[in-house]
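Shared between the two complexes below is subunit A, which pairs with subunit B and subunit C, respectively.
Now for the complex of A and B:
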């Protein structure tokens, strides 16, 4: 009986003694990480101030655009911002904590003749430890690439996924009077002309395995498919069948290409090898089938077909050849682009008088409109990490290249004025 | 046989009572099990529910919160006491030179005529001295005419003053009544803590507060404090159906003495962010006065609802 009573009291008193209460926090109070980005300090030699400033501007620009961070105002920085020591033990984390920073970027620059070496560090202020550290060496002109590369590393440290800033964006521009292929940095810097076909060049796509592109060119009068090695400049025509050879898209493994051919009189989707040999005909329909885009697994493609009247987006299993329509609204749906994660398909839709960018799940559910306002927004393509989209828009008159986050926020123009810029494509990590 | 019965009777009686006790103990034990597993005694019962977003962390928590809103203004009496001197303080420095000017002017028309301060004396500032004597001259002329008339006019003036005073008294009592009604209204609006924004006039307190102190309760304040220290960007996440739980222990001075991730979300970035939130809250600005041990569940339900 005594034992029983003892147990009874213990059970009654147990909840009153130890546990307190339970709190459920249903959303973060701050939806951006407070990050302090210091201007790197000269470590050796006498690095030009503009090199240091350029690195800082590019890095800050990338990180700000990522949407992950709230950059701490540099005017508030205390003495540690100018200190040289980059070891965790040499950083005064308390100063940064006072400023509310949760992450901190510090670094230094060596300058030796024309060679620049940048030491860059990302710290966890709360845990007082180094998250990532990188050393980059190169010519002074490479400092922008170094900054993009470090921005990618910062995103990796904070999310587990490398950023896409050290990639390139290919696009078509008519600023010479002809539509030619160009390449530029993700922030629009250093555009370089790749082709001189003096004809119409369209629809570039990057190889996922090597530094090369495929595109369609009317160089010989017919819209043929070409492959071009970016660094050597070597070029080959890989599909020159009668009629259209357009909208080529590499499969994820880089060993096959889906494209639209009209050799039989009607535009259909085909699977060809990188040498141009046909592997398989994927669509067989009286309607026009164009603009294929691979899913990451390489077993499905999204494409556009007007078989039901207006052009709509369909998804096709390349093995079973089963097709399913996934867009149902708008007068004209075009240029689908399957996200690298496989979870969404971006496309442009004519609704009213303008095209806008939308995304939808591959099963046709959860359609979301990403762009609004004046101008046609077309040809969306994903960044290799699926965080961002690049597209063309004529909202400021001529067509220009824009980038935005995958939810439609943070839109910014990256191509410089002069000519129309269209058909962008974001390269894999460079 | 009868003997046998007599012999066995007490024994039978003992057996009966023992059996009864066992039945009673069994019933109590079963009832206890039912009560314990019904959830009535479980610690999870006291969960901070949702409409608690507007606690101003400047207002530190109190032990016995009064009725009001967690985001409300300070209690009325304090307000009126503090507001008045504040206004004086802030107003004084700036208009100081202006005040001096005002003081310079009045001496000329000496404020002797305070009896009729509202009789537009200031308006006739230009020639107050000349007119004043004229007015003074007038009464002596009137005196000889009728003293009664004069007396009557004084009486009526006194009456007017009395009436005015009564009116003012009525006004002030009405004001007091209005203030009282305002307070009641504030207390009522406090019941609906979903109405956003301070400045509704509600006193600082809790919707269910019954104490006498202006401030939020400790657990509500703690919820807001931890949430304000939780930084996580949606761009860091691949999914939003994440939830993690941390067990935390604070000493009586508000220092974090133990934290343990008791349930992981499965996402390293999310888990790190919630641990960061607790690390940032490792020293509470207000000492709880006793050791506290509780669970914090972090999830993104509100973000999901927004999407």
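Now for the complex of A and C:
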């Protein structure tokens, strides 16, 4: 298991000598910082070139996608790029200033035949000093994870908050002919099938505290809610009441789940424990109430209700049970997702003939449309740092998983072709 | 199943021809989707050439309730027709009620047959909302049948939302065919 191999990680934090840049990542129109990412130098033991190349590719891809940086063309790099001395006193920062770089990443790789150790460093070119450095050790096959981890650290050094790249995306794919649950890296690498229910599996959600997922499955003929431990593979059916047991979402403390049950004759939102026992019924309305999404404080839920005639987004306080409508446009609003920062709710709206993704403040103000163009974009979910969104779109003809920045820019597909891929969820940092 | 339905088409067409000789009006179709009037019966062996030969055909009854009992059916529930819905609606149209009235007669005549009423949606919109809407549709059908005297114990409901479309594709026609409730036999 990779996770345990990565326990061989040795993280040595170099002292942070203050943030070189303080940036609010999500403000639109911000300046991208010119960043040079060198291909790391082999330091000992002849590390395979493929390993070094892969680290560079993954790190550059993550940082380019982040929107924080404009990557300097590696063809322009001068001799310092290949220099072995990595202490800030040994780096020729003038060469990098000539190229216009303000930030620089250099590193070195050790290899002992099976273990790879990577030392990665981020420098502030203008102030000529180290911003952050990390050392990672593991199997050669884990180099992508190391690169994702360093990308997260780079974001933390620049903005104060860790990036979300060392995480997993859960999703549903029908490539076996049946909808099953899968897991892949944030860049779409290494998709792995997690369920073999051979029925219909839907809508996964990660536990915030442990490596578990909840999802709905028709395995026994009824849409029931299941919980699955990712590493042991153990599954338990936690809600199998008559009718629907769907749209399960963990509360932020991991101790409760909101879901939609129709056991009383109508789809309503309930609060249950992780073992499945009902704690509280949250909606009591003739309309369809479905699709809950928690705020980070765990005291409010955004959800979909058609009590006014067609589906709109509402916010409910789980203590007072007060409800408030927050979507006012369009005739069909669905799949709300509350950001981990708590300041915005993403959702999909049918406008004309297609669905697009919007965000809005929790009070219903400042609505912004994020996606345009052909295809139905649905089911947005936030990255744990709230900078990015993962969603499904059928613009290519089949449903596929895409990621984008929270302002709608940087859209790119991450799921491989073959079948329809939908219902993505972005895990907490793995 | 395909062969059986094709045979059924052949029988109905033959009977219809006998009953509607000279009629310009097309008989109301009770067939499943995909079997338009242009399709040949499998028995004829020639695709695209429907056999409207003037053969003599008569029904063989299993005895019992006469006009209410559909001849030769036994435990076959393919006489139970689908009903369709408008986008984002679960209310029954007048046509749906007519269909369900016919289905009710069959169910009344076959009290030993238990059915599952499945609710389905087209592919648009939230999968979860569609699961709930599909359930609304199946519940609406069940309620109406109950009001026509079918005992609730003879029916159960399930929703598949948009998960099991009848017709793949993203056209208005495909969507209209997928917004449905249909009947399956409970085991």
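Just so we're on the same page, the second predicted complex is superposed on the first by the 400 of 430 C-alpha atoms of A that agree within 3 Å, B and C clash if a C-alpha of one lies under 4 Å from a C-alpha of the other, contacts with A are read in each partner's own complex, and residues count from 1 in each chain.
Basically, a contact is a pair of C-beta atoms (placed from the backbone, for glycine too) under 8 Å apart; a residue touches a chain by one contact, two chains touch by 3 or more.
As the structure is a computational prediction, the values presented were derived from the model and not from experiment.
When the two complexes are overlaid on their common chain A, residue A:304 makes contact with subunit C while staying clear of subunit B. Contacts of A:200 after superposition on the shared chain: subunit C is touched, whereas subunit B is not. In the superposition on chain A, A:154 makes contact with neither subunit B nor subunit C. Touch criterion not met for A:167: it reaches neither subunit B nor subunit C. When the two complexes are overlaid on their common chain A, residue A:33 makes contact with subunit B while staying clear of subunit C. When the two structures are aligned on the shared chain, A:269 is found in touch with neither subunit B nor subunit C. When the shared chain is aligned, subunit B comes close enough to touch A:66, but subunit C does not. Note: no residue of subunit A belongs to the subunit B contact set and to the subunit C contact set alike, using the contact criterion stated above. Within the complex formed with subunit A, the subunit C residues making contact are 88, 124-129, 131-133, 135-136, 139, 158-160, 163-164.
Note for the complex: subunit B touches subunit A at residues 21, 25, 28-29, 32, 36, 41-44, 46-48, 50, 219, 222-223, 226-236, 238, 268-269, 273, 276-277, 279-280, 292-303.
Residues 179, 200, 202-203, 218, 221-223, 243-244, 246-247, 260, 262, 265, 267, 288, 290-291, 304, 306, 310-311, 332, 334-335, 348, 350, 355, 376, 378-379, 422-423 of subunit A are the ones touching subunit C in the complex.
Those residues of subunit A that touch subunit B in the shared complex are 1, 4, 8, 11-12, 15, 18-34, 66-69, 102, 126-127, 158-160, 341, 387, 405.
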